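Lettered A, B, C and D in written order, each chain numbered from 1.
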Amino acid sequence: MNKKQKIALFHEMVLIRRIEEHAMQLYQEGKIGGFLHLYIGQEAVGSGVLAARKPQDRVLTAYRDHGIAIASGIEAKTVMAELLGKKTGTSKGFGGSMHMADVEKNYWGGHAIVGSHLPFAAGMAMADRYRGEDNVTLCFFGDGATNIGYFHEALNLAGVWELPVVWICENNQYGMGTAVARASAVEEIHKKAEAYNTAHSRVDGMDVSKVYEAAQEAIQHAREKGPYFLEAVTYRFEGHSMGDPERYRTKAEVGEWEEHDPIGIFRKQLIEEKVADEDALNEQEKQVEGIVEQAIRYAEESPDPTWDDLVETVYVDEYGDVI
Amino acid sequence: MNKKQKIALFHEMVLIRRIEEHAMQLYQEGKIGGFLHLYIGQEAVGSGVLAARKPQDRVLTAYRDHGIAIASGIEAKTVMAELLGKKTGTSKGFGGSMHMADVEKNYWGGHAIVGSHLPFAAGMAMADRYRGEDNVTLCFFGDGATNIGYFHEALNLAGVWELPVVWICENNQYGMGTAVARASAVEEIHKKAEAYNTAHSRVDGMDVSKVYEAAQEAIQHAREKGPYFLEAVTYRFEGHSMGDPERYRTKAEVGEWEEHDPIGIFRKQLIEEKVADEDALNEQEKQVEGIVEQAIRYAEESPDPTWDDLVETVYVDEYGDVI
Amino acid sequence: MSVITMREAISQALWEEMERDENVFIMGEEVGVWGGTYAVTRGFYDHFGEKRVRDTPIAESVIVGAANGAAMVGLRPVAELMTINFAFTAMDQIVNQSAKLHTMFGGQFTLPIVIRAVGGGGRQLAATHSQTPDAVFAHFPGLKVVSPGTPYDAKGLLKSAIRGDDPVLFIENATLYQMRGEVPEEDYLEPIGVSKVQRQGSDVTLVTYSKMLQFSLDAAKELAKDGIEVEIVDLRTLRPLDMGPVIKSFKTTNRAVLVEEGWRSYGVMAEVATRLYEQAFDYIDAPIRRVAQHEVPLPYNRELEQQALPQVEDIVQAVKGVL
Amino acid sequence: MSVITMREAISQALWEEMERDENVFIMGEEVGVWGGTYAVTRGFYDHFGEKRVRDTPIAESVIVGAANGAAMVGLRPVAELMTINFAFTAMDQIVNQSAKLHTMFGGQFTLPIVIRAVGGGGRQLAATHSQTPDAVFAHFPGLKVVSPGTPYDAKGLLKSAIRGDDPVLFIENATLYQMRGEVPEEDYLEPIGVSKVQRQGSDVTLVTYSKMLQFSLDAAKELAKDGIEVEIVDLRTLRPLDMGPVIKSFKTTNRAVLVEEGWRSYGVMAEVATRLYEQAFDYIDAPIRRVAQHEVPLPYNRELEQQALPQVEDIVQAVKGVL
């Protein structure tokens, strides 16, 4: 990455952080409903991996999807509009926080049933091979998702068919309130890949530079040789979703991880590497504030989807007016 | 095993073989309906493992269940009666070939949805631990079953909770017509156990003595330390079920495996070890013929279950006559 | 009598039955350390310990499957599916296993399992997380499906479900947990498979259950102002379905409105309407009306979601429509 | 016109659509080398190759899930579930994903997937392998459910399903494959969502579909001997459900008998009956009767299974009952 790209990456991570901080606020105000799963603390994973993809490479993730939506290139205002349930949102206001996608950006969602999107990733990679295209599919999921049947069936199929998928496990230590060791027979999650004859490695998910490098190798491996499993060790600073009693972890534990804030780490790197100085980075932060405020205004001023918008989107083909 | 036990084991394997040969016949005659999956060629696995269990140890398998039913101690006539759909059968004629069980013998079926019984095994083992009993649960399944989500969820749970289960994979090279390599990313199936922190090994499933020894170790391990995965390499000499076109394998391949007939191998061993001579073993075979003929007569003379038998078995508790 | 919430009623039923019978235990996602996603099992983990309040991996098939296995050998599991939407990832275990094993094996063992699942929409959780697919489960003989609408019924029915020997799917509604109602201090049971008149009236018979019982009671208040007295029959159990009180009421009112939260087509009330016509044909003065969910995947947008869901006003209009 | 079997009709539809559009491909268990468990895809593997006729592991969730993913990016998968009983192991993919993704993401991509599944009882396969749970799938908006009863409709409807852009569950019946009927030589389509009069008559309207269409035609012959002429309306599509021809016929006969193979309660005909009463209340001369499966898990025993299933004679009696 050149200086410009590195600063853009910093800008992106800060943007993700600010959008979600405001989202928390808007949730308290009742302007956002449903479930809201924040990515705060995990930004380096999504931003690092997406920085290494080509636009032709497909992206999927679970319901903790705002960060990866932004990293995929979706505008802040479109993400915000979806959070507010507006017609101008990524999904016309039908999907909400958990279901953002933008086919133009090759970002295929945003899926709330744990593990359900892993088979999609295998199918998309299969389709690309079917058409002779050398796209790679990047599929993000959590540590908890590695224990559901979907994980097994999808990774096995990708292994048997040697599909160009990069499986990215964001190991943030917990599936809701259940620590990895209490839910998974194997704690070094990337080693599960061996049961699928899939190459694997583990990376520090708090260091965006390391994630970027690891992702480059993983993506190249997938494009040339077949599936790759990348485990990113990370942590979510906020609760699982709004209103998490957090009985399963201590404030001290959270505090320790917060000392490894991915944005702080990257900021330090950029200054040490003389990519930018404090002022330049603060300037970036200021810009982001403006973008987020505009995004919120745009979202609030946007129209709601109508009943007809919804009904017209249930089926594609005509079949008369029968139900 | 002492001489007596070894001869009994030979007797059992021959009994399983003859019952199924007659079952094939009865199927052609239309006296047996539905699906009929034969165990012919795999007898050493069921007989070898069951010879190593204590009566307190629980047993489950898939739909290819006649052999393991007999090895569990169910009488030939009761198996035959179920095949003919009679009230005197293992399951009152409601289950048929694929669904035999006998709780008295600690044999819990006979399950036809691939992989569906693996969670049962985990639950039974959990129940035994819950009650402080040192029973072990023996769960048989095929190579093809290791690719379905059930396998993953059940083995992971057994691993996390350190349950006393022996997972026995009968690798007969094919899941219906699909060779292991075409369906599983890993061909050495027992290695999948590593993803569940579960000890594992592979044994020649055509040699009942080797299976017996391996099973003894596996069961002891499960009783004392936790789950164990045993892969028995075997082969089914007949089609997947009646009417299999068998386009997926050659006569030559089947012929090669038939030279390793588990009954032939054991017979040779018994004679070499001077456990018994030809005449003694032929005498056993004659006895078996008699038992099977009696079993068939018993089954044919047995009554069918009645409509009331069926309706009374839908629910246990009274709830008035509402549907 | 003391006035408690639905949450407390369900929590008390679980607590009291666990105190009463040590074979009763709870397993599911976040039931332990977290205290239950909806705080129903708050405090259970500390009191009963991890042996009887078991946090599981995110693996619904093995949650229900292991519970089935444990039930087969005599324990009384209460398996919690965080929401009924996730029941689809355990569908085979619920409708093919829990519902059928007892019959299919000739009744030689029972399945005293209770599967708790939270259903219902109206919380902006979008299409995959907002369903009320109760009718789907009620279609399967062998399973019992219970869905209470008051704290009194919830406690009494859940206790019956736990003490009974048949598999029971116990469907709760997330938006009812705060609802208050009178519940006896002493131990009591409500029978499964018995519908109940929750309000007396002579003009129209209104059949409903679960959350829609509350909406119907509100509608009844509205209508009473215009001098219209509706009699409300609460099904409480969908299978077995007790039409007795419905028919009895209908024979006096000759008019009926059927209200459910789920989709109209192939929903619960289609069966109720059909049985009404079959069993009380000569008493019908006006076409029976259904109030149900519009046939769309529920959207995130608050207004559209509310528009798709049945409202009190819809019930009021339907009742006026049959008069 | 040429007379071919249902099997040939379905096979031809698949073959012709694959020749017509190279984005169409088949994936499922034993569809390739084996030639399809019911020989529907016999010869496809050799002609189209393993790229377009893909044998999969035994993993229904990823069969449907990968097909969903491939469909999202523009291919037209025909995913085969060997039998509809196994659809429950892929339930989440069918009812939560295939049915909802298009709407939930604001319509930005389509899901042109066809899921073929074989249903029906009567072959002594016991409870888990003999189901006709069509109503369950028809409950979900977003999905289309088609189930033809003649070779002509099977071919024309399957082609429409493959060319259409909505997800379609295409339910076949194992005991109909041998059935013969006239089919045009040239390419043709039958519209999804349109019911069809398969026999004209003026005395009673008989509504049915799939295998029960044949039973109903046989019953009609019987009844004709007594001078009773039944008009048979074949639904062909369960969602969207076209009541037009049903109502039209009913307004002339004023009597109806509804016949389905599945369980009575919460079955397909409950919805049909309810809509008949809602839409043609003033034309009813006699209570509408349902002929359906008894509410038991189907047993293996041949006689009992037949007793539990609807028979031609039951239809004859029901028709006489409404006259």
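To be clear about the criterion, a contact is a pair of C-beta atoms (placed from the backbone, for glycine too) under 8 Å apart; a residue touches a chain by one contact, two chains touch by 3 or more.
It should be emphasised that the depicted structure is a prediction, and the values quoted were computed from it without experimental measurement.
J.: Looking at C-alpha means, what's the farthest chain from chain C?
T.: B
J.: By the contact definition above, name the pair with the higher C-beta contact count: B-C or B-D.
T.: B-C
J.: Centroid of chain B to centroid of chain C, CA atoms only: how many Å?
T.: About 40 Å, centre to centre.
J.: Averaging over Cα atoms per chain, report the distance between chain C and chain D in Å.
T.: 30
J.: How many Å are there between the centre of chain A and the centre of chain C, using C-alpha atoms for each centre?
T.: So the centre of chain A lies 36 Å away from the centre of chain C.
J.: Do you know which chain D residues sit against two or more other chains?
T.: Touching at least two other chains: 56-57, 59, 61, 85-86, 89, 92, 96-97, 103-104, 126-128, 141-142, 239, 241, 265, 295-297, 299.
J.: Any chance you could list the residues of chain B touching two or more other chains?
T.: Correct list: 91, 93-95, 99, 113, 147-150, 152-153, 156, 160, 182-184, 310, 314, 323.
J.: Which chain A residues qualify as touching chain C in the complex?
T.: By the definition above, chain A touches chain C via 33-35, 82, 85-86, 91, 93-99, 112-115, 144-145, 147-150, 175-178, 182-184, 245, 247-248, 304-305, 307, 310-311, 314, 323.
J.: Any idea which chain D residues touch chain C in the complex?
T.: Residue positions touching the partner: 85-86, 88-89, 91-92, 95-97, 99-100, 103-104, 126-128, 133, 135-136, 138-142, 238-239, 241, 262-263, 265-271, 273-274, 277-278, 281, 287-290, 295-297, 299.
J.: If you look only at chain B, which of its residues touch chain C in the complex?
T.: Residue positions touching the partner: 58, 89-95, 99, 101-103, 108-110, 113, 116, 118-124, 126-128, 130, 149-150, 152-154, 156-157, 160, 310, 312-317, 319-320, 322-323.
J.: If we count contacts the way the header does, which residues on chain C are in touch with chain B in the complex?
T.: Interface residues on the chain C side: 25, 51, 56-57, 59, 61-62, 64-75, 77, 92-93, 96-97, 101-110, 141-142, 144, 164-166, 191-194, 239-244.
J.: Enumerate the contact residues on chain C facing chain A in the complex.
T.: On the chain C side, the touching residues are 29-30, 33-35, 37, 55-61, 85-86, 89, 123-129, 265, 295-297, 299-304, 307-308.
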